[in-house]
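What follows is a set of notes on a single structure, which appears directly below.
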Amino acid sequence: MENNRFARRRPDTDLGAKYRAVRSDTDQLCDGLSEADAVVQSMDDASPAKWHLAHTTWFFETFLLKPHLPGYTEFDPAFGFLFNSYYEGAGERHARPQRGMITRPSLETVFAYRRHVDEAMSSLLRGYCPDILELATLGLHHEQQHQELLLTDLLHLFAQNPTHPAYRGGEPLPMHNVEPDPLTWHQFDGGLVDIGADDGTFHFDCEGPRHKALVHPFELASRTVTAGEWIEFIEDGGYVTPSLWLSDGWARVQSDGWSAPLYWAHENATWQSMTLRGFQPVDHAAPVCHVSYFEADAFASWIGARLPTEFEWEHAAAKTPVTGNLVTSGRLRPRPQRGGETSPVGLFGDVWEWTSSAFLPFPGYKPLDGTVGEYNGKFMSGQMVLRGGSCATPDGHIRSSYRNFFQPEKRWQYSGLRLARDAD
Amino acid sequence: MENNRFARRRPDTDLGAKYRAVRSDTDQLCDGLSEADAVVQSMDDASPAKWHLAHTTWFFETFLLKPHLPGYTEFDPAFGFLFNSYYEGAGERHARPQRGMITRPSLETVFAYRRHVDEAMSSLLRGYCPDILELATLGLHHEQQHQELLLTDLLHLFAQNPTHPAYRGGEPLPMHNVEPDPLTWHQFDGGLVDIGADDGTFHFDCEGPRHKALVHPFELASRTVTAGEWIEFIEDGGYVTPSLWLSDGWARVQSDGWSAPLYWAHENATWQSMTLRGFQPVDHAAPVCHVSYFEADAFASWIGARLPTEFEWEHAAAKTPVTGNLVTSGRLRPRPQRGGETSPVGLFGDVWEWTSSAFLPFPGYKPLDGTVGEYNGKFMSGQMVLRGGSCATPDGHIRSSYRNFFQPEKRWQYSGLRLARDAD
Amino acid sequence: MENNRFARRRPDTDLGAKYRAVRSDTDQLCDGLSEADAVVQSMDDASPAKWHLAHTTWFFETFLLKPHLPGYTEFDPAFGFLFNSYYEGAGERHARPQRGMITRPSLETVFAYRRHVDEAMSSLLRGYCPDILELATLGLHHEQQHQELLLTDLLHLFAQNPTHPAYRGGEPLPMHNVEPDPLTWHQFDGGLVDIGADDGTFHFDCEGPRHKALVHPFELASRTVTAGEWIEFIEDGGYVTPSLWLSDGWARVQSDGWSAPLYWAHENATWQSMTLRGFQPVDHAAPVCHVSYFEADAFASWIGARLPTEFEWEHAAAKTPVTGNLVTSGRLRPRPQRGGETSPVGLFGDVWEWTSSAFLPFPGYKPLDGTVGEYNGKFMSGQMVLRGGSCATPDGHIRSSYRNFFQPEKRWQYSGLRLARDAD
Amino acid sequence: MENNRFARRRPDTDLGAKYRAVRSDTDQLCDGLSEADAVVQSMDDASPAKWHLAHTTWFFETFLLKPHLPGYTEFDPAFGFLFNSYYEGAGERHARPQRGMITRPSLETVFAYRRHVDEAMSSLLRGYCPDILELATLGLHHEQQHQELLLTDLLHLFAQNPTHPAYRGGEPLPMHNVEPDPLTWHQFDGGLVDIGADDGTFHFDCEGPRHKALVHPFELASRTVTAGEWIEFIEDGGYVTPSLWLSDGWARVQSDGWSAPLYWAHENATWQSMTLRGFQPVDHAAPVCHVSYFEADAFASWIGARLPTEFEWEHAAAKTPVTGNLVTSGRLRPRPQRGGETSPVGLFGDVWEWTSSAFLPFPGYKPLDGTVGEYNGKFMSGQMVLRGGSCATPDGHIRSSYRNFFQPEKRWQYSGLRLARDAD
């Protein structure tokens, strides 16, 4: 088995156009950000917007332009140190918790860096070397990942500000606080199912190789858990009942004082939440988000269900069209999920769905060769798999085999849950 | 499916004898310990010997005697608070990191507590209520687990003492530093295999329910990795090469300054190690132990193999007789594993073997009802499965379905590794 | 000025008898302690009783016997490492927070060590070399300091035990909860006063050189603040009013959750306190103790007074007989201070009195030569001076020039306060 | 004695002009800073430039305009929470370590806030109520303090940036690496001297009341210690010799890995240092700066001298003209001190000089009434006094009675040292 290719397919005939589109999307996400908004790092897990802008560019410069474009002139030799994220193979780098210290180069210079690299990439992509095209495709998917992080990191930053800045202005919220659809259960047979991405389309290395997995008969909820249901959990003592929690989860409840999802505040007898549209009332009918794996698991215990495995989830999602409330909807918040009578809805978009699977290698997995091999494999410990994308995920970036992963206590992503249970 | 029974079998006809034997084993492990040795807690993960003596007794008092023996008189009402470990359902308890503060009650009083409970248990066991017998059996296996912890915790304590006290006197070490047997590979077919314990014998809840799992064709090493092979890893820069490590593992190497297994010291050009028999030269031919999951995984990467999944391990071990270098051998150290030409050897005893599987529930798992349901289920996050028992595990306590679990950075158990690889 | 002598006087004619008496006092303080009581270290600031027993012995062995007694045979070469406290000049040493790991050598061996050193000291003291006699005198005062620490460290250890062990049995407390004498003020003129110890008697280096200091007219309270007065402070919101506190003190109130003196608990509408005689009702008429400098300062602010400087205190105490409720009284608790009509009472014994003076060198101070020069000088930063001794201080160890010192947040000593104010 | 006035004098006849000058100085210090430079907080001790701009303005708004200017309209009610520093009496406030999260309001809005307050202050100052004028004077001195902090905080921020941004462009350094003047000693008689500020001029409350203090005969060095002398200390093992250090200092050397002053780096066999003019060679003849009290004290021990008390320093400085290398020189770095043959030079400007005095109240000290009473008094614990101002101190802000104070481990201020010793 040939293992040094993340994608074993013909390159896109119009990768240049795709490149321009993805890069331009990133720029547009930064519309309206000040130099200040773009520089601050609000916690170790988050990165400044400026860093995201530069790091995604560094990826192209480091893995594409420097090795493959003859005569390419590096924009600034200091940037290799400043904007490497975690690639040990790419040399020394600035400490992660110090990313917010980089007030200079300015945002303007970083945009100039982007233009410089874009021009060179434009030359490079005119050639048709498959190796390059595949790396460039990886670079674009990498950039799309950072588009989502850019949004979640900004939300975290703005949530630290007592004045509650809104990233984008108020939206009409017509479905607000209508009743959610009732939760129903869809049954799935067990058996040997196909898991993982086909070599014929782009995917990250951790999504393969495609293989058989055994799934036992199960049922999956028609939609994700709503904020209104979460409020019932709170009101029923969910956060003060240790028997519902994993031991590490309960320790976290106590040490971090959790009593509601991240960003929620109870004011004047209503639940409010910081969002990318400012401080807003919680929409009871919409999916709950900003909950950790520990909270998701405790909720499932409370209601007498469980989280699905990632194999169950993928099996259920495999034939579902990849559409939903993604970043392109412009909504920037989960929306109530409707119409799950005949099959589960909302599998893609709205909120990432925690699964009960640890992020571990699939049978036969080997990382990519070289430094890009550090992309996923070295994170295969201590993290849980999430599936399906969120309202902050770019279109074209999500698919049924996509494996996102975070530590079980993390809450700043758009993470929610869908229930599962054993079939009799 | 009836789920509120950990063991669905006829009780032992002679549970009373078994009770006396296990309890007496615990006492004997404490021979030669001073009041001081028995009281100190050397780190948050460890507990004092006196605490182990009392906590195992508290288990019988709390779950057997108080609810089931009419007229039972509690030994001391304060002990419920002092010697509960982590059972939220059994009420408030002394903070774990404070276990070493309990200089009183004295060791003698704790032994009196043991006698008090033993006498009452003797009465109770004369009846034949199946519920009680099953709980008592659980209590004995619980005590055996603490027998192993008592030894590993003592080793940790003595290892903090610059005078290197020996728990037991020097042993003859005839096989010391002979050549190890060469490592060979044994091939296993893939397919659907049976995993988990049968209801007909005792097992912890997390070992069931028995179910089918899919295993892909694989090869398993004839023996575990030796200390001599580990020294090659060290000398080849294993601890200074980030590309071999999981990201969290590499962070730990740096923060904790790992450069060899726990308890090892390089003195006068030889590797020495603190052991239960004092400070001793490392036996190159014997299994390496006191390595974390992170180290085991890095070693496997270095040599171009991987760790087995717990399903592969159990499948390979299912038909192997459960014999090996357990605590009953009195050796208290791993010994070189010989004779693996036709099938893997050393699967039981010597060292716990890290698997690549996260400690997660089996399909259909439900914890026991009531407070004893906190035994395993609430720890199903952030831990990896180890299999096979060690030189500190009591006879009769280990079996092929036994799932031990620790966080991936823990090193104070007798933890080693056996390599696996994909079959072509 | 000759500076290499801590005491510039004729040696005691009967130092041998004094040596035997002090050493025997230490032994007697350990009566009734188990091996377990003697080995545990309850916090970094505290040391195990066994360590105190050994360290004070190590002092004589290291500074007297090894350099000065020809043919002296070291008891155990490992002890130099184990029982050095903080003397960088005496070589490497066991880390302070690890003192509680030393379950071996046993308590019995440590007593044998004491006998071994005592015998050798007996020979050494038969000679009359002034250098030796002075160092031996220093060693005895050093041992007396550790006698007090041994008691305060034991109290801290027992206070961690939910069963509240009593170090010594109950005492008759005839003065319990009688009314305290009213607090009156004694006036002192300002001027140049003599501060510091005379060369003619033993003193620690930090008590000298004797020098002039300028004192402004002041008033000193007739007695120390009582527990009853402290309860008024609590009830008036003392612990929840930031304006009363130094900034660092207020931060400590919040981070450590202070709401009463150390060891106090409010149970069944009364204040109780852990003491060396077990868990006892607080004696309202007795001096409050186990308060930090921060608390003492906040109390003084609350009542509109201040703490005295160490110069004011020493000036007031200089002519007072050195008698009071010291350890020899056997009471082991502060007792109500009576009879301060004509001059301040309780200056010596009961509780150490926090002063408003930072522990800094007196003009012309130089530490002793050699390793014993590390005794005091290197601690002259970040600590406040306390004066007067406590109910745990040995007779003959306290004097008006004695400077004790602790960090302003420390509370486990018998520390209380006496108020002062400016005279008009 | 009347105690509720920090300044007991006639107000400046032209306070309005002074107000405009000081406020304009602050603005000018921010010339060239980007939004990003102005928003980031590089450590808990430092504050963002934007915060300094707003907080100094908040001071006038809170203590002058809101209580005293009828009809004054608050600029933004949220600012009271955002820009209060530590005044408990002024209500709740944003947590100090979160100051860097405030990307909005923008820098432009903060400048608008300044203009808004300046206009209102202009009205207010036209009246001549002494109370107001005194508070306004306090506000201006407060602002000058923040001018210095703004510079030291910026230096700290830029020092975290691997690209070493320069706050101001390169300067001609004509005296660079010339030989320093030899260090000579100036003798001072002992006796009762006058310490503290006169009521006739502005001073902070902690500088008074003026009182007598006793000073023993002493000698003071003609100039501060130079960087070249510090290099000798380093090369002689100053940072690896525990006997030179206070105990807390040595702990800090080890925990923080100190081996040179803050910002120094040894590259290509020369010492370089981050400065407000970028990364520059260390000037051997100029005063060393960015050393902690612990380092200053260790240096003095090494050379066989000591630090002066604040009383010695003030006595020596009392008759010296208040001139020197202050921020107005534009140099932004210490410069070699010349010409100390007849009396000490460089007492004012260049570097703050650590004294051996703890920051404690002068006899008779009482804080100002009301919330401004929190200005100094509550910090009188755990800090050491520095005297004389630095190259970052505004002209007109320093005087011989000025008491600056920092914790003994702090290094980011322009802190250096001058040696003293006892006269025979």
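By letter and in written order, the chains are A, B, C and D; residue numbering begins at 1 in each of them.
Operating definition for what follows: a contact is a pair of C-beta atoms (placed from the backbone, for glycine too) under 8 Å apart; a residue touches a chain by one contact, two chains touch by 3 or more.
None of the values given here were measured: they were computed from a predicted structure.
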Chains touching both subunit A and subunit B: none
Chain whose Cα centroid lies at the greatest distance from that of subunit A: C
Inter-chain centre distance, subunit A versus subunit D - centres from mean C-alpha coordinates, in Å: 47
Centroid spacing, where centroids are CA-atom means, of subunit A and subunit C in whole angstrom: 59
Shared interface positions of subunit A, touching two or more other chains: none
In the complex with subunit C, residue positions of subunit B that touch it: 34-40, 42, 50, 78, 81-82, 94, 98, 100-107, 157-158, 160-163, 165
Interfacial residue positions of subunit A with respect to subunit B in the complex: 86, 88-89, 192, 211-214, 216, 242-243, 245-250, 293-294, 297, 356-358, 360-361, 363-364, 374, 378-382, 408, 422
